[in-house]
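First chain written, first letter: the chains are A, B and C, and each begins at residue 1.
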């Protein structure tokens, strides 16, 4: 299964977020300060998009272009989309719900915002924008959502539910996420949209050789080493073949340690870590992008491991073989 | 400006905003659905904004008759008691 | 995949409904047969100011009765509903605790931990963002629905939450079916969960899609949905695995189809739904004239039921099987809806009856070809049945079940 295109919308670093929002725990944050959906896609049809949806629609378009997918020549029923998220747009749901408390009557909500309260809004609107009528799914997995989406997408193609699947994850920065991170005492909230184009092909950027998933309760020993070993076994790759790893961790070194436990050594660590803030569901996409960025350095016949783990104990891993440029 | 013109222009602005258009793009007789891609959500929001602005209650059953600016004006005038 | 790759047969061996018409399979089956209504005045939030104040709440749900590992204080209501439903499914399947370890779970949802999010909103309205409670913030991620099940049952397999709105349980059953059919797992828990919340009550009311107290799908006078909640989980099992342990088999999962309208976020699309039915039939390797019963999406809105009925006619032609909607009893349980539909479909096959569409009084001349099984359950031999699920975002998903062989 080949990755034939990609789009990464991620901030270059911290920026002044006050032109975007008034009520923030800190003025500076890892946000896409210059992002304007109106500039990118025009006014028509975009004014009701929340930020997560806007980022997703733009990233899907960039990924399709990057992969050279011409939607006028392929059957749209054979093109799918799988997106990862944490809760969709927390701002959309909270603000919509807030209206039910502060308006004269609780039902005086804006009907045009109601679709934004469902977590599959970004995937649904992206499908509408580009006319993607194949399998369309939204995976709510938080930090491992991107890898889960990849797993879902690979299966959809293997099952012949689609020929081409856009697979990605998106997380928006709003006062809601910024305060949530600040009050929870974690890394500052960031935002990113990462979308990759997946299909059966002989050429491309990288091959997805295997994915695996597992679980142990949060207070257990951790399921990641076993998950990485299973993914490698499925890929037919030995631990010695792993030249690089990229984790979704932004808290500590725990994930890298788990990969080391699985491999018996620590390969080149390309984890983006806190470079983009906590990008939630998009963390795995940023990790994969970090591997693709360094594909010129990959030894022949070597593989990279991309991992993620969620706080409650779910883990996932993918084994990637990059294709030389 | 007469009351009639003023009300019509206010309604035009509401309709334009909800349908993502400039006010001058909304013709008096232009069909919201066929010409401006309106859907039921936008129609309900137009109704909601009108109700808020003029403090009137208009039942959703009137929406079927509110497919152009002119038609909207007629319905709102009836409920708001405009005699312009 | 049908016809090209060998796949393992997948059977349903456990059912776990946590619903407004009954908790556990015995109570739920009896309620379906009786045509009981689970609709009652809203108690989970202050419904003052809402013109319509009824919902399908699971008022008898006492999480501590079912949950042995999850602390209700640390997990949101939707995770608790999902975990309790999975507990019941495991018990119904006669699975001892230690036999679940390699199992996985897929839970579908529309609004995840909506009541947790609404607690945050109340805190924010009262004291600004800074007043949000860290303990509450810990509970809002939707991934906790599947994680709650896995924690409660001690699972080590794949743990996935699918958020494809109101067809999400069918997505979950489909994904779990693939896991078992491919041989990735012998046991998968699959279903959905959602909780009644203010924002859904307000949003559907604003769309004019809410009705006052009796949801009447396919009736001429149908006026909308009633919001509902619950947890609905099925245990899917490799058929050989089930036979080896002597498990009781309710029905077989034959396949499923998913597609996307890609036209409108909330308006259903006849052609796209018809296409999804054909995809499901193809995957299940069945023909329309082999299907004995359709457990409808049947929300009770004028638009949904008309579009669904037309799609059925498009696909089934002259021979249209009975089509009933259990939303007449449960209300619209959102992400759990097609999970309850899957349980009802399974029971229809296993026990030989069609669940009724209650509150039905008047034939709609626009859809005369629909036999909604009005008001009273009907004895019937159901060999193959389909379970419809449609959603905001145009996410259609349909599952197909067959009699145990």
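Keep this in mind: contacts are C-beta pairs under 8 Å (C-beta built on N, C-alpha and C of every residue); 3 or more make two chains touch, one makes a residue touch a chain.
A quick note: this is a predicted structure, and the numbers were derived from the prediction, not measured.
Peer 1: Counting C-beta pairs in contact, which two chains come out on top?
Peer 2: Here the largest contact count links A-C.
Peer 1: Just by CA atoms, which chain is the most central one?
Peer 2: Closest to the centre of all protein C-alpha atoms: chain C.
Peer 1: What whole-number Å value describes the gap between the mean CA coordinates of subunit A and subunit B?
Peer 2: That pair's centroid distance is 41 Å.
Peer 1: Rounded to a whole Å, what is the gap between the Cα centroids of subunit A and subunit C?
Peer 2: 27
Peer 1: Would you give the residues of subunit A that are in contact with at least 2 other chains, written as numbers and ranges?
Peer 2: 108, 110-111, 114-115
Peer 1: Quick one: which residues in subunit C touch 2 or more of the other chains?
Peer 2: 206-207, 264-266
Peer 1: For subunit B, jot down the residues that touch at least 2 other chains.
Peer 2: In subunit B, 41, 44, 48 touch at least two other chains.
Peer 1: Could you please specify the touching residues of subunit A with respect to subunit C in the complex?
Peer 2: For subunit A paired with subunit C, touching residues are 23, 25, 76-77, 80-81, 85-88, 90, 93-94, 96-102, 105-111, 114-115, 117-121, 123-125, 127-128, 130-142, 144-145, 148, 152, 155, 158-161, 175-176, 179-180, 183-185, 213-218, 223, 310, 312-314.
Peer 1: Help me check something: in the complex, which residues belonging to subunit C touch subunit B?
Peer 2: Contacts found on subunit C: 206-208, 264-267.
Peer 1: Which of the residues in subunit A come into contact with subunit B in the complex?
Peer 2: 43-47, 108, 110-112, 114-115
Peer 1: Using the touch rule from the top, collect the residues of subunit B that touch subunit A in their complex.
Peer 2: Within the complex, subunit B touches subunit A at residues 18, 20, 37, 41-42, 44-45, 48, 52.
Peer 1: Which part of subunit B faces subunit C closely enough to touch in the complex?
Peer 2: Spelled out, the residues of subunit B in touch with subunit C are 39-41, 44, 48, 60.
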